[in-house]
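Both of the next two complexes hold subunit A, though its partner changes from subunit B to subunit C.
On to the complex of A and B.
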């Protein structure tokens, strides 16, 4: 560390130690603070060592990451990472700028784990990313070319050796009759009777050439795999290739790619496949080749969410049910939690602690596990509820559309009331007891005290939690997915959507479920729609709760 | 003081600016990164024998199969010096991970899985064909057929899996040929008080189970897809809605909750297994994966051929497990060597059988394994089976198929109508 720069020191400070931390510098007038309590200085020896060690660790890790990025040739990521590393070093090595030092880690993590993720899924919503549109066009072309290579029917298997001369690689083939032939991509197949053979009759050496050992073959595999030796002047006979360096077969592509016109041509039928602008090669009849690529599709995914006939109808029902589910869940859990909180808040109740622990139990189980357990309990024929409690009645708790909705709500209330119970207990206990007494002195009934005094006071602290609980239940994937899987299915759609599906399970099914294949683009678009809904409602609600605070 | 103040705010602003730049750059990276990060280094103008990437092959396996591959990977290493890194992955997510990671260059060179993944893999351009040459003849015919897609073989098979009818021999002692006989035997056992359920098959309460019910459907002459010129399934020929399919739907309703209750929509796979293990039913339609537990429980059982419901042979779906090579393997030659010359060996297939207990796909290994009568019986039934369609369109079939069967079993709606509607819906999805 260089010696502290004394020039920046305000003259009024009059302290022997240089460079007050910015916390004091940032506060106007703090210079007048008595010097009796000198702040612990960041540039003390201990602080410096700590700084060097921590920064060293961070930099060591950064160097490792940069090296990896360099090796994988990810230039853009390398540039960004280098800038970030430089910025971090600059922030922590320079003097002053304490807010930046505090903010930097948070901002960095915010960018990496929040902003980047949100921006990326936002970007996906404008693409056709999903099954069949998985990668770039170049990848798709090479994948199509790869799969288009077909072995010429009934063609023989050749034994192959890899030879090298000068800078080039050659393949030495032994056909089933024992004839040895040499060739490379440039040099056509020529017979080489002088080739040396091993005990199995496989030609493995040739004067003037060097035979590669397996390790050497592997070390040069990218070049060796590229060798295609034309079998004859007739391209229909195909080319000889080896995939493992020891056996070669006659291959002929079923499709030929012409880079100049950007078309695939079927070698048998002559059908041309062109880029159809939708991320796939298609012929005149709209038949597409299997592998496509990712393209930007603009607002298509958003338009599809509201126009796709198999999605449009159910989507409205799902949105309505999502609201019903989340509002009812919040209301019911709150009412139940509050009721229990008041009950167990009575001073004269005995064994309060034991009751409270019992109350919190559902909260302690993982929700997805509870969902599975309840799904077993509610089995119409073998479930505990029907079997034991209802004497073997066959009630389709999860299979009837209406009952399934009720079951989902009941289970969610069971899962959610302990949270509300905890929150309300806390809030109730923080209310001053004098208010209660004063109200009673004025002759108010218990109900009146609750309705006019306790509840409004309670809501001030609980309302924001109710909003966040709403947002949580709006996306309460676990309960729905594990309990009913969204079912029973709607009859009027060919998508796998059912009467207990909420938006988030719908998105999951679109993105990962069976049915029409994964469609990340559409799923991201739906996720953005959900985000807009939740954000709007939360914003409005938070504005409303400000009014509640006027009660105080 | 002022100096500090402005300095501080400037810094934060700069931090944010730097952040914004990095986000923008990262975005640009994600947009065009695929090609940048995965460009192979092919600038070897001169044979460089120390070129990178020859060190190891990565393979994604599940925990159960990983130990079985130890011997063969060690042999490969001592022969060639190349290590095969076995990365144990969660089997439920491995297919999707493979599809998303191969294009980024982060995927493995090899993956283990069932053959019906092939369609999705090819659609996404993530696997490469494998040329087995003469070795193909050493495998069970059905396993090679299953691995063939669009006329090319895409994987090296190692095990064949199919369902059969397990019979508790202490309840019913003789084999039945038709489902009617099975039902009659089962009902008699229930009437005699020897059992509680005439017949068991697990149903997913949310999605039904077309896989387990398929032998019954095929025995009535109903198929899902027709076959194209190259012998593979042709998505253009959807057969599921034909007259035979409708007949099957009607039967399904008759067997279902509102009918004879032979197939019970409330019996999940777990419940079915539990009841069979408890000796409460003479019949259990299931696969070899439940056999070890049945044996452990000490139940005397026989593996019966699948009973026909409509006079035609009851063909189960066969699932063939195998090894697939990534289309973007940086180590393609070594991987091909390992797959075609090592994993096809008898010892490799033997040890995969020893670990998984599924009938091997290699004929020589199967003959050895067939000394176990259970394996022999499952293998024999599998030989009559048909490969589960691997075409990507199949994923559009499963959900509708299962949900419709479930609704019919529950007695909801008219079976013929529901079945036809299902076929139309599948057709519209495949077409669109």
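On to the complex of A and C.
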């Protein structure tokens, strides 16, 4: 361990031979250079070479990225990336500007994955981005043509076999004239004369591909049903699909798109669907086609959060509970941690060390597992608490709205009290002992000393941590999602929102949940609202703690 | 130590006898009022703290497997769950474990490095925008990355179309996203610690002809090892527990982390896979807990140092 002797460095540096530690302790290999040569430029040859190599690697990667951007014709991204590459080279090639050289890498990541995504969140909040609205209008038009398909009446049956290569499934068709063609959802039909055929003339194998056996077809039924092979590059030509893995039929769009009038017409009923200005095609009655496209909707998402009846009530409940949850969590863990810290702040208490190690175990246990483990203990039907401790009682620890909230808090206290215990122990021990003794001389009781002297002093150092603990719990996703999943569900909404949902789990469910579909726009709007709440509260309370610090 | 003098002075007032003999001679009531209740609190809290961990360990060692079967604590001992854990090809636990280790190690190492460089700049150099930079960092870290998960998802799916190796489903992409949070609170923690290393050290080295690189790697980084260990460990623990972004970015079971994978074990059928999940939880938790307990001295000092400085 190099630590102990390096600790003594501050002592040696005052002596007249400080070059010793520098030359021996510096980067390995740099010892070849004479240690005391003050007038030379500080960059060694080795350092320069290393710098050139590193910058070269970065630039090589950058050129690759720029080329890919050029090929995909993303001009805006190309322009921004070029500027970034130029800036990096400028920072590291010029002589001065040392701080930038140390800050640039971290700041670059920060800008892209923290600042940019925040700005991007802001942008998404003003669009209808989400399921069915995730691309341009042109993409939506071809998607509608692809999905709204009907079997062409009296179309010939193709024989089909299912092949795989890598992770993808392919269909091998034999058309009525005996021609073999291969295709997948991504690749339109192509003729494959080299396909092997069985005795009935059905093509069933192809070099480089594996043919699925019957059992495998059954096992992968869902994926095989989803394969739609475009007949050609034009979606209007229709697709081939198979329902059983052995015969396929041709399907054609049930909706015809007319580019001149910008309308879809149902080939059977004749209903016309027009662009409704909200990113979707709709008929005269307002019925929309499932696939739409992304448009800007202004403040719609924010307005929806507070006016949509299926959202307004539950959202209010969620906001209230988020505050209750985070404030109660901070308060309970702090009180418990402080109490324990005082209890064990005795040098001569036997077993103090053992207690401490056992008590901080929950803090060391991975947080995502805690919720899951507790969900097993508290499970109403099979859980340990009901089955073993309460002798088979059926108490809905996680299914009753009130009990579920209490359970969440208890689990979060379990998770959080060790941290507060550690922090309070540290803060208590750093308090000057003279104050305590002086107060006792004056006849103050232990409680009085604690309340009037120790606690205020303690709060000065701990208050900032309480604020960050509040901010952390405000977005404490893991404990809620793993323990209750936000449930039990509210009865008055068809959305997947429940009594223990906090804002962040709500955002996650709205964005990526099953059932009601993904709504990125709404989720981002909610995220922005959360950010504003947390930022405001943090700013206010940090100001308050400044006032606390004046006490000191 | 101040606490010791306080405590011992109190003891002598209780019975006036010499300190080493005092505990055995005092009547139970006095002992309880002074110390005994502390043990009661300690035992009760310890049970509360440790019980869930014992419960999951007991469930892991009982191959009966379901949630119902795991209620009698340590009624059976076998390794059936562990065998089952490693033999399910649709849920490659071994891969998850390796993935978590790799992602966690790479990210925390890079986090420490990037954070240390920034802290070095803030602590040792005076430049325009330094104060602003520090304040901006404090502000930005109030916006946790998981709030922007939608934007991260869409950004990565955009990147996927240009460079698939960095986009959705890529662990490298995920690491880069995590590195977006490398500065922020870490830089703050390190900045405070860097400031405690005397400036005169660097100046002496500079006079000797050491370059800033040599000062950074050769002197500063070695003197601040404790805080580097704390930041690295906290980053590792945080990342190995991170669920939201990992679940959105890593879609293929082979590339997932423990948090995402183990959640999928009990997401639908909480009762059925309980034993195997418990086995997975034990294996996932043991290295992290061991590391934590091993380094707890550093962690505690790091946390409290942060608490005093704010």
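Here is the rule we use: the second predicted complex is superposed on the first by the 389 of 552 C-alpha atoms of A that agree within 3 Å, B and C clash if a C-alpha of one lies under 4 Å from a C-alpha of the other, contacts with A are read in each partner's own complex, and residues count from 1 in each chain.
In this section, a residue touches a chain if its C-beta (ideal position, glycine included) is under 8 Å from a C-beta of that chain, and two chains touch if they have at least 3 such contacts.
Small disclaimer: the values here were computed from a predicted structure and weren't measured.
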On the A-aligned overlay, A:149 touches which partner chain: subunit B = first, subunit C = second, or both, or neither? first
Touching A:96, do we find subunit B (first), subunit C (second), both, or neither? first
One more residue to check, A:494. First (subunit B), second (subunit C), both or neither? first
Quick one: is A:471 in contact with subunit B, with subunit C, with both, or with neither? Answer first, second, both or neither. second
Contacts of A:74 with subunit B and subunit C, given as first, second, both or neither: both
Output check: A:120 vs subunit B and subunit C. Expected answer is one of first, second, both, neither. What do you get? both
Once chain A of both complexes is superposed, is A:246 in touch with subunit B (first), subunit C (second), both, or neither? first
In the superposed arrangement, does subunit B or subunit C reach more residues of subunit A? C
Touching A:512, do we find subunit B (first), subunit C (second), both, or neither? both
Who does A:315 touch here: subunit B (first), subunit C (second), both, or neither? neither
Overlap of subunit C and subunit B interfaces on subunit A (superposed complexes): 10, 22, 25-26, 72, 74, 77, 98-99, 103, 107, 115-116, 120, 375, 379, 381-382, 512
Contact set on subunit B toward subunit A in their complex: 1, 3-5, 7-9, 11-12, 14-16, 18-19, 21-23, 25-42, 44-51, 53-54, 80-82, 96, 99-100, 103, 105, 120, 122-126, 128-131, 133-134, 150-152, 205-207, 264-268, 271, 327-328, 330-334, 336-337, 340-341, 392, 395-396, 398-400, 403, 407, 410, 413, 425-426, 428-429
What does subunit C use to touch subunit A in their complex? 1-8, 11, 35, 38-39, 41-42, 45-46, 48-50, 52-53, 55-56, 59, 66-68, 70-72, 114-115, 117-118, 120-121, 125, 127, 130, 133, 139-140, 142-155, 161-163, 176-177, 179-184, 187, 198, 200-201, 204-214, 216-219, 222-223, 225, 237, 240-241, 243-244, 247-248, 258-259, 262-263, 266, 270-271, 274, 277-278, 281, 284-285, 288-289, 292-293, 296, 299-301, 303-304, 306-308, 310
Of all residues in subunit A, which touch subunit B in the complex? 8, 10, 22, 25-26, 28, 31, 72-77, 79-80, 83-84, 87, 91, 96-100, 103-104, 107-108, 111, 115-116, 119-120, 123, 131-132, 134-136, 138-140, 142-144, 146-147, 149-151, 157, 164, 167, 169, 214-225, 243-247, 249, 254, 290-291, 375, 379-382, 398-399, 484-487, 489, 491, 494, 496, 512-518
